[in-house]
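What follows is a set of structures to go through.
The same chain A turns up in both complexes below, where it pairs with chain B and then with chain C.
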Partner chain A sequence: MSDEILICRCEEVTEQEIKDAIKNGASTVDGVKRVTRAGKGLCQGRTCRCLVENLISRETKTPVEELEYPNNRPPVRVMKVKALAELDKEDQ
Partner chain B sequence: MKREAEIVVIGSGIMGSSIAYNLAKAGKEVVVLEQNEICSGTSSATAAWLWPSDKTPEHYGRLAWHSMEIYKNLEEELGADFEYTITGSLELIWTEKQIESAKKLIELEEKLGHEVKILTQDETIKMEPVINPNVLGAIYCEEDGNLNPFLLVNAYIQAAKRHGAEINTNTKVQDLIVKGNSIKEIVTNKGSIKPGLVICAAGMYSKELAKKIGVDIPIHPERGFCLVSERLPKMLNTTVCGARQTASGNIVFGFVKDTVDSIDRKMYSRGMQMAANDIMRDMPSLGDINIIRSYTGIRVIPDDKFPILGPSEIIDNFWLSVTHSAVVFNCALSEIIVQLVNGERDTDSIPYYAYKRFIK
Partner chain C sequence: MKHNKQVAIIGAGPAGLSAALEIAKHGGKVAVFDENDKPGGQLFKQIHKFFGSSFHGAGVRGFRLGEELLSQCKEHGVEIFLNTVVFGLFPDNEVGIVQNDIAHTVTADKILIAVGASEKPLSFPGWDLPGVMGAGAAQTMININRVLPGKKYLMIGSGNVGLVVSYQILQAGGEVVGIVEAMPNINGYSVHANKLMRKGVKIYTSHTIKEARGKDQVEEAVIVEIGPDFKPIEGTEITLDVDTVCLAVGLTPALELLRMSNCQLVHVSKLGGFLPLHNDNMQTTNSDIYVAGDVTGIEEASTAMEEGRLAGISIATSLGLINEIEANKIKDEINQRIIDLRSGPHGEIRMKSKQDVFRRYEEWVSL
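Let's turn to the complex of A and B:
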């Protein structure tokens, strides 16, 4: 049944897919993200990151505190291309 | 982790994974050492275009096209989908000077048996309606495309394992112990291993690693900034020099080149803004789409731009595999490595790529 459970809603990644990635060697949130896309969605992992961390922790028997903290990838909130192009004008 | 192995590959980016797979398939005992997770270096921050049609001069172009031949059956061979797709490519033309160099490229490609064309303004907009209508035209090649680098590396790694390779992640090479003229021991945070042959595919970290044992690799870093859009309906038909749309619908933008003197992968707001400015120039109609993520990657550029492949000459069992454009070239380069290992060819057959070229 657990393969039916959605961990990352944005990218529709199931618990089983994440477990498979961990079995194949992924041991961090970023590692899982690279192979499954969990965390690459519109919310950029705000919803699923903790769930992924808990899964890694359980499967690899590592306390959550000891897992490598994932890289933050700006922008923190979605931004339009237009707005990003204007960034320099704000700097000046 | 094994304590001894015929061949130890340092790094599990596109190059390390490709080499590990091809050597394991050829029956060699292979151990991979990766300091982080697989595909966590430059290969995780690439644009991932398969763009053989702009590789010059002739020998480099031939190498690129040979790699593309190998790609044709690679998904089947590896038993995995890595979103390999041939879309055709567009490089926008903004200046007359570009037209002149395009003409030379067309001549070269014709000689290599591939068609590169100059499209008019109308033809360009028809092929790719999101392009700025003020563009002069575009250079087009039907045979270029792109792929998903994470899936490619993962496919290589899983296939390498099936052929008996041992993959060690979170295993950082800390030291190389040399006695006489060869590496006797590789020291990692997970203990030591005695290598027969060591192949360094550590990307941007190769220079520092090789320096420890007196090998100077003439490469320099160049930073790139990329932006990723939200998932979108199909908007791009081709791989545009600056943008590709993935199988999931996200558009990955980025062609920014920034010469730097360090291998720092932090994102700067200036980087995001440069990339966004490029989009506004090339595809202004995409100004309203949402960007959900950005990333920085370090391109490793050999000083003479060509791959550095095979024996380091200075240390007997220390080989190199350091290159730019590994997405394109890895298949051909791994094939050469296997042939060198098997003694089926020597470095005289790769005068432009062997380390020997740097020894006066």
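Let's turn to the complex of A and C:
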């Protein structure tokens, strides 16, 4: 059943894929992200982060309180690369 | 082009606007950024009357409180930049913003992050089907965009968000087929629940959603009773004819900008998950960055406004706009009102959790 449930909708990563990654040693949200791409899509993990935390907590029997909050990098919102290319053009 | 601001506030919701007003009242120059085309944050979705004391606008509808706050901000010269996305925070208090597809950086002496929260998800087979959405998303569609996203709804979660949004679905002409609650008791205020039950809405306590089914969108949902161990009890499944499933299973602070400012984060389940460590001046472990509202832990709009005021006074003090004695007097008044807001069975838990956060902040700074 759990291989049918999507956890990261942006990158289409299933619950089973994440459980496998955890079984293979990924013990943080960032670790799961690197192995499966969960959280690397358009929403940057805003939706699936809590689900991945719960899976890691359950599978590794670690309280969620003890997990590490994952890394976030800019841009935190979807934006056009063009906008960045225009960054402070007036300065140059 | 470098824009230098005295104070940059990210988020024009109840917390951000309340802080902006306090700073502007004391002569500070404030710029507020918000990605939406209207300020007010969640206040503009709240068409119901607020509870609490008259100071906090009891009996007034949420969006009216938003309008009032906004006009006061304008009166005091607060600059509000709408349709302005903050895409990142960088060293030396640099705020990356995007307007009309052009990125700029703005620097500020002090930054307040009041970006609120995001809805928590719940995964089950079929949760990625069109028709499954956050209850807050449904509320935005109905109250802001005037679009009814479906006809027959199943609400997951009986907290105040689940109950209030269910009622607003009825008001907008939708049918709420049922509300499921994993706990044995209804989670939100009974005044909301009773209104729904009088309208014939069935609330299934000790139940959870097992599956949403449909070809291209939700066509039905299966709910199941759960035992004291929270495991589904086989054979108790009920199939409900619904086209929309709304998830109201809680909110969690939106921490992306705080994480990239190297603010220390802690996990407090009772306040919605990870949140920035802060003191009762609403200052984070990065001394130039302040926080207020739901991003500091999930509470409600009145508390968000009071936290905004606290942050505003703290920022104004740090900029030398108010002397300590005057500031302490104002803060005492605000804190007294916060004590009232954090009382009663729902409030006491938040009070204890907040005090725990302040204690951990002090521990962290003394390290």
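Keep this in mind: the second predicted complex is superposed on the first by the 88 of 92 C-alpha atoms of A that agree within 3 Å, B and C clash if a C-alpha of one lies under 4 Å from a C-alpha of the other, contacts with A are read in each partner's own complex, and residues count from 1 in each chain.
The criterion applied here is as follows: contacts are C-beta pairs under 8 Å (C-beta built on N, C-alpha and C of every residue); 3 or more make two chains touch, one makes a residue touch a chain.
Note that the coordinates shown come from a computational prediction; the quantities given were computed from them, not determined experimentally.
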| item | value |
| --- | --- |
| Superposed partners chain B and chain C on chain A - clash or fit | fit |
| Which partner reaches more residues of chain A (counting touched residues only), chain B or chain C | C |
| First (chain B), second (chain C), both or neither touched by A:64 | second |
| Which superposed partner A:80 touches (first chain B, second chain C, both, neither) | both |
| Which superposed partner A:42 touches (first chain B, second chain C, both, neither) | first |
| Which superposed partner A:9 touches (first chain B, second chain C, both, neither) | second |
| Superposed arrangement, angle subtended at the Cα centre of chain A by chain B and chain C, nearest 10 degrees | 140 |
| Which of chain B and chain C A:26 touches, first, second, both or neither | first |
| Partner chain in contact with A:50 - chain B first, chain C second, else both or neither | second |
| First, second, both or neither for A:34, with chain B first and chain C second | first |
| Superposition-derived minimum Cα distance between chain C and chain B (Å) | 5 |
| Set intersection of chain A contacts, chain C complex versus chain B complex | 44, 73-75, 79-80, 82, 84, 86-88, 91 |
| List of chain A residues in touch with chain C within their complex | 1, 4-7, 9, 15, 44, 46-48, 50-51, 53, 64-67, 69-77, 79-80, 82-84, 86-88, 90-91 |
| Complex interface listing, chain B residues touching chain A | 36-40, 44, 150-151, 154, 157-158, 167, 169-170, 227, 229-231, 248, 250, 267, 269-270, 272-273, 275-277, 279-280, 286-295 |
| Footprint of chain A on chain C - complex, ascending | 1-2, 35, 85-90, 96, 98, 101-105, 118, 120-121, 123-125, 127-128, 252, 254-257, 259-260, 265, 267-269, 273-274 |
| Partner chain B, residues of chain A touching it in the complex | 11, 24-28, 30-31, 34-35, 37, 40-42, 44, 73-75, 78-82, 84-88, 91 |
